[in-house]
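You will see chain A twice below: alongside chain B first, and alongside chain C after that.
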Partner chain A sequence: MPDIDLTFLKDDDALTAASLQAPSTSIEAGINGVMTYGLREGALGAAHVGTLVVETGITDPVGDATLYVQTSTSQAYNAGPAYASFGADGAVDRTPIVLNAAGPPPEDWLKLDLPSVSVGMTAGDSVAGLLVLMNVEWETYVQSGAPTGSPYRLMTCIQIKVATSPVTSAWFTIDRTERFMEPRVVPVAAWAAPTDTVVRQDIPTRCLIVPADLAVVSPPVLPGEPILGVRGMVSLYYPTGGFTLGDIVELGSCQMTVIPLHAEVV
Partner chain B sequence: MSWKFGPFTVSTREVADIESINEDFLSVVEEVTGELNEHNFVENAFSAETDRAKLADNVGIRLHHMYRTADPNVAVDDADPVKPHTIPVSTSWRPLDSTYEKLVVTNGGDLWILASFQVKTGAVYGALFALEINGTVMGDTLVGTGDIDNDQLESLDIVASGTVDFGALPSVWLPNAGAMVVEGVVTVSPGSYLIRPVIRNPRLHSNDVDKQEISNQELIIVEMR
Partner chain C sequence: MPTLTLANSYSAGSPLTPSDWNGNIYDATAPNASFEIINGHLDKDNMDATWPKVLPEQVQRGVYGSAGFSAGTASLDYFKQWFSGCQTTSATSTYPTRPMPIPGGNATFYVSHPVMVVFTWTICWTNISDNQSEVTRVHLYVDDTLKTSQGREVKATAEPGGPSGTYARVHQGRIKNRYWIGHHTMELGIGHHTAGLRIVADEDVPQSRVWARSFRYILLKKPATWG
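Moving on, here comes the complex of A and B:
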């Protein structure tokens, strides 16, 4: 009985164990089962924001069970397969051919596995959306040597993994997160290898993944379908058409944070 | 409500008064039925999914959200919502896009504002970006530069004579494509607030008039109450 139905003692009531116990029992039940309306709008406020950043009970890469943070170290890539088309899904938008065989495989580059988080406040996990913050550091336009290929822009995007039928665990691009960066070459950098074409540019992206993002994937999945992972992707876009293999692109430290939030979406 | 204590204490040397006992119970009941707040819960009290489901959606956070999906690599069409839109060049602050804004009506609190977008800017005049709230530019959110000496664009380097030097890469004129995030935290009082990212060009150049574009864009406002 979450609501408290308090019966007041009257003037001629005897103060007995039973008469005193009744209101205590009522209050006890109410406190142990506070209803939604027991907390007024904004009741938890900034002091309890941590409560509303949803823990989903997994072990994430840095051991923080609330914020999901993934950081990659420096990686070099061939200027290989180019950007395909706007909003292409799966690995199509991903370029990297990892030159360093000892490094992580491309699919683990900047990826966070989630323990099946359903997005949407009515979907069961009480998660309104996944707030994603991603920063990719573009370190060198061309590593070790003069550029030989066609001029390119570095493209980044955010993808989500959704279980679909009959396809399982397919990755879908959040189209609005596609970003293209043109190089701004650092003219002189004493700390860089003299043959590198250094850019050292940050490519930032912020995104709120909401149920509507599930409705547009192909094949479509139902709102509330669990999201199994979030990852960052890179590719090379050649605005002048065509491309030439041979140049080596280097990325510096990159970071992605995923924050599941209990909230009202306005 | 903050911590709550009954107003009367039953003493061994006094006659128990029914009115006082009722008051003791009532003071607690009134608060439990609708006036609980952050003081009454331990840290992470609702972290379990089953507990959190009992909370109202807006108990602590409201998310104000808008976005527009537009392919950055197709021609500008200001009338088409899925294509890039022109950003007129201006030495005054102006909106990035006509619909790239959000009206927030709030009871007050902290707003974490994140604007993430894809732009192409002209190479000669530079660009500054910032957040604007009800017409006031938030100076501490300003990013970008108009100082081309410190921010050379390889596609369109400016040499000492002021002419354009098409460098070794790329060999064709390209507007400068860039990913931008403008973000900040602001504490607001109760009221309504029109929030949007804005742009300003420190200088103008006849070669680059209206070659600025905005395409993919997203505005997220986390209202912490």
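Moving on, here comes the complex of A and C:
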């Protein structure tokens, strides 16, 4: 019963050690055990509470550089990497490519390094999950010759890098983030320029990376294993036919956001 | 560890000194050892075991975060007269005509403390030009400032399908309408803010049309250690 309960001293009461100690002990216990009703409704304002954006080891993202990346650089791929299988992990995952810019440093375009964030509210960093938002703008067009009839799809996915076991700094695919999109090609090749037969499209992906994602990678790693990075990947999938020499896939403006969120998992 | 442990106790037979008494009432030099602890030093360790977490009703609304949105489904048409002098082959930031805010794709809101904001939006638009160099673009603006990485365009969606020389157009909207589900993350300070999508077209595009669109903002309190 940590409520503060005082017996007031009256005139003519003797000041004894016990009469002085009792109220002190009661107040001490009350301060060390504030009850739910000890805080009135709406008592906590911005000065009292923390943030849902976990700041553990993450510095202020000045210049859109740390927590999120914004860029509009485009890059073209001719006869690019081929998607081979679903759900594979590792450093080389079905020969995808990192969404990277044309200039150095490579592989830094849609890749965010994290200061070893353990996901899971009980893992120490109080991060319930990593909220990831990714946009990939792309188009495909025929460099020369007739349109091929769009025999391929662009695949995008989100990967995470895990700190140690089972493979040091390996990248794992979050399987449910795989997206496939067909080119949109106008069937009548009536334009003068080869790029006239297509329209640019966006592949948006929203994902919350939670501890369960670490348990299902192969081979599995322990929940709470520190995550060192998040990146976006692309590949090409050929249901039939193949990628003709004259086909070009061009990535346009791409964005990615990663926010470590503090939350209660219910 | 702000658990209060009073510095002094009183026992029979020991003289009560002023310093013993005062040390329990107020001593800012001895952390968590006097009633001075209530001057802003209480934290979760002072919560009773029956109070496992701060309840939503004990926190002021909008402290952790807030959100809002706008949306619209009416078709909006934009004609070439409104974009006089605009050549979309030029750099996006040098439009002679200011891009026009799209109703249902913009929001005005107030930020009471520094935040990280995540904008997300959905929009569909097209135009009826048959010239591939004449495009209709949609851009994100925040506080009247163009976000250069956040722009998308649609090229002509009509083809010269009529007899030669007639310029009759065949609309290819079923495969050339432009859909954009985008996002943008940034920090905002205290004050009123505006954000949203704006449209601009080449001056030779006869007509551009926006269909369904929505715009959302999610405000998250910025960590105190960030500048």
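To be clear about the criterion, the second predicted complex is superposed on the first by the 149 of 266 C-alpha atoms of A that agree within 3 Å, B and C clash if a C-alpha of one lies under 4 Å from a C-alpha of the other, contacts with A are read in each partner's own complex, and residues count from 1 in each chain.
The rule is simple: a contact is a pair of C-beta atoms (placed from the backbone, for glycine too) under 8 Å apart; a residue touches a chain by one contact, two chains touch by 3 or more.
Bear in mind that the values here come from a model prediction, so they are computed numbers and not experimental data.
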item	value
First (chain B), second (chain C), both or neither touched by A:R153	first
First (chain B), second (chain C), both or neither touched by A:V34	both
Which superposed partner A:R184 touches (first chain B, second chain C, both, neither)	both
Which of chain B and chain C A:T257 touches, first, second, both or neither	second
If touched residues of chain A are counted for chain B and for chain C, the larger one	B
Which superposed partner A:A18 touches (first chain B, second chain C, both, neither)	second
First, second, both or neither for A:K10, with chain B first and chain C second	first
Chain B versus chain C as contact partner of A:P204, first or second or both or neither	both
Chain B and chain C footprints on chain A, overlapping residues	15, 20, 24, 27, 31, 34-36, 39-46, 49-52, 54-55, 133, 184-185, 204, 264
Touching residues on chain B, where the partner in the complex is chain A	16, 18, 21-22, 25-26, 28-29, 32-38, 41, 43-47, 49, 52-65, 67-74, 104, 107, 109-110, 114-116, 118, 151-155, 167-172, 174, 176-181, 183, 216-218, 220, 222-225
Parts of chain A lying in touch with chain C, wherever the complex brings them together	2, 15-18, 20-21, 24, 27-28, 31-36, 39-46, 49-55, 58-62, 64, 67-68, 70-72, 133, 135, 137, 184-186, 188, 190-193, 195-196, 199-202, 204, 253, 255, 257, 259, 264
Interfacial residue positions of chain C with respect to chain A in the complex	3-6, 9-14, 16, 24, 35, 37-38, 42, 45-51, 53-55, 57-61, 63-65, 112-113, 116, 118, 120, 132, 147-157, 159-161, 172, 175-176, 178-187, 220-227
Chain B-touching residues of chain A, taken from the complex the two chains share	3-4, 6, 8-11, 13, 15, 20, 23-24, 26-27, 30-31, 34-52, 54-56, 86-87, 121, 124-126, 128-129, 131, 133, 141, 146-147, 150-151, 153, 156, 175-185, 187, 197, 203-208, 210, 237, 239-240, 261-266
